[in-house]
Amino acid sequence: MNVWPGFTPMARIEVVIDGEHVPTVRDLLLEAGATGYTALHGVSGFGHHGQHEGRLLFNDRNSLSLLISVVPLEMAEAVVAGVRRLLDGQHGVVFISETNVSRPEYFRPADPDDPPLA
Amino acid sequence: MNVWPGFTPMARIEVVIDGEHVPTVRDLLLEAGATGYTALHGVSGFGHHGQHEGRLLFNDRNSLSLLISVVPLEMAEAVVAGVRRLLDGQHGVVFISETNVSRPEYFRPADPDDPPLA
Amino acid sequence: MNVWPGFTPMARIEVVIDGEHVPTVRDLLLEAGATGYTALHGVSGFGHHGQHEGRLLFNDRNSLSLLISVVPLEMAEAVVAGVRRLLDGQHGVVFISETNVSRPEYFRPADPDDPPLA
């Protein structure tokens, strides 16, 4: 279902992490083929396991960051798997949702056979 | 339609409010069963009724906050209803959309019968 | 597909731009009929063409802004087209996705024939 004529559906990957881990997640995103990201810093949050033990995920005042990266649908699973491995044992959450872009070529990894973009 | 294999669809609830009301909305979210939230502060915005009288919703420089909470789909309606009641007579907007998570158990309320999370 | 009973689907338009261009994009949104927006400042980001030439889109520390505007679905295409024209030759990206609101009348442009909102 693409309700946006002229747009291309993409995967929007969002990661909430401690600010100190931003460089690691950013590098992972770019190595996995993402062509860019947007980062919001000074984010606060609270999270705990939705279970009776209630292990705290994070409870920080303004030390978190929200990283947003938009990648082609077929790349999303691999990118998120890499981020998830990175977050193992760390505080942090990952969300994935559909977004749509008007210039999909900006979000696709380089292919040496492609003609240069105008 | 779940286009993300291995992910579980959830409701992403976003609330834009005056910063002073963040504690109230946060408590409402947690009491309604949300297991966490992300808060972005120093947000600015402008809004008015889409009608000829044009009542101003908010027109602030950096005094707003954006709260994001991800909850199971079946909890979304009750959570949003609570937020809406709270916003009655206040400035503020609520959005709801679909997002997807890899570890849904983190976003579900505690159930004493569940085994502890590994 | 509207999975949110009692909510109305809308278009969520997000624009990431240099902070200096916020007033221009904001005016364009409001002139195009948007009744409001939310702005997050101090955003950083990195982007390049997904092609071998790798033209840099932006690589800024905290000088970007993220503008979010929610408009009726039928207005989305025109609004985004205007934003895209504005971004031609500028750094910046535009995303569009579905969100849902409980009070759609707040997001519709004024119509002199409408009764006043309660």
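A, B and C label the chains in the order they appear, each numbered from 1.
Note that a contact is a pair of C-beta atoms (placed from the backbone, for glycine too) under 8 Å apart; a residue touches a chain by one contact, two chains touch by 3 or more.
If you're wondering where the values come from, they're calculated on a predicted model, not measured in any experiment.
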{"item": "Classification of the chain B:chain C interface as same or different, half of numbers criterion", "value": "different"}
{"item": "Rotation, 0 to 180 degrees and nearest 5, that superposes chain A on copy chain B via CA atoms", "value": "120"}
{"item": "Approximate Å spacing (C-alpha centroids) for the pair chain B, chain C", "value": "19"}
{"item": "Junction residues of chain A, two or more chains touched", "value": "1, 40, 42, 97-98"}
{"item": "Chain A - residues contacting chain B, complex", "value": "1, 11, 14, 16, 40, 42-55, 57, 62, 64, 66, 73, 76-77, 80, 84, 93-98"}
{"item": "Residue ranges of chain B in contact with chain A within the complex", "value": "1, 3-7, 12, 26, 30, 35-42, 70, 97-102, 105-112, 114, 116-117"}
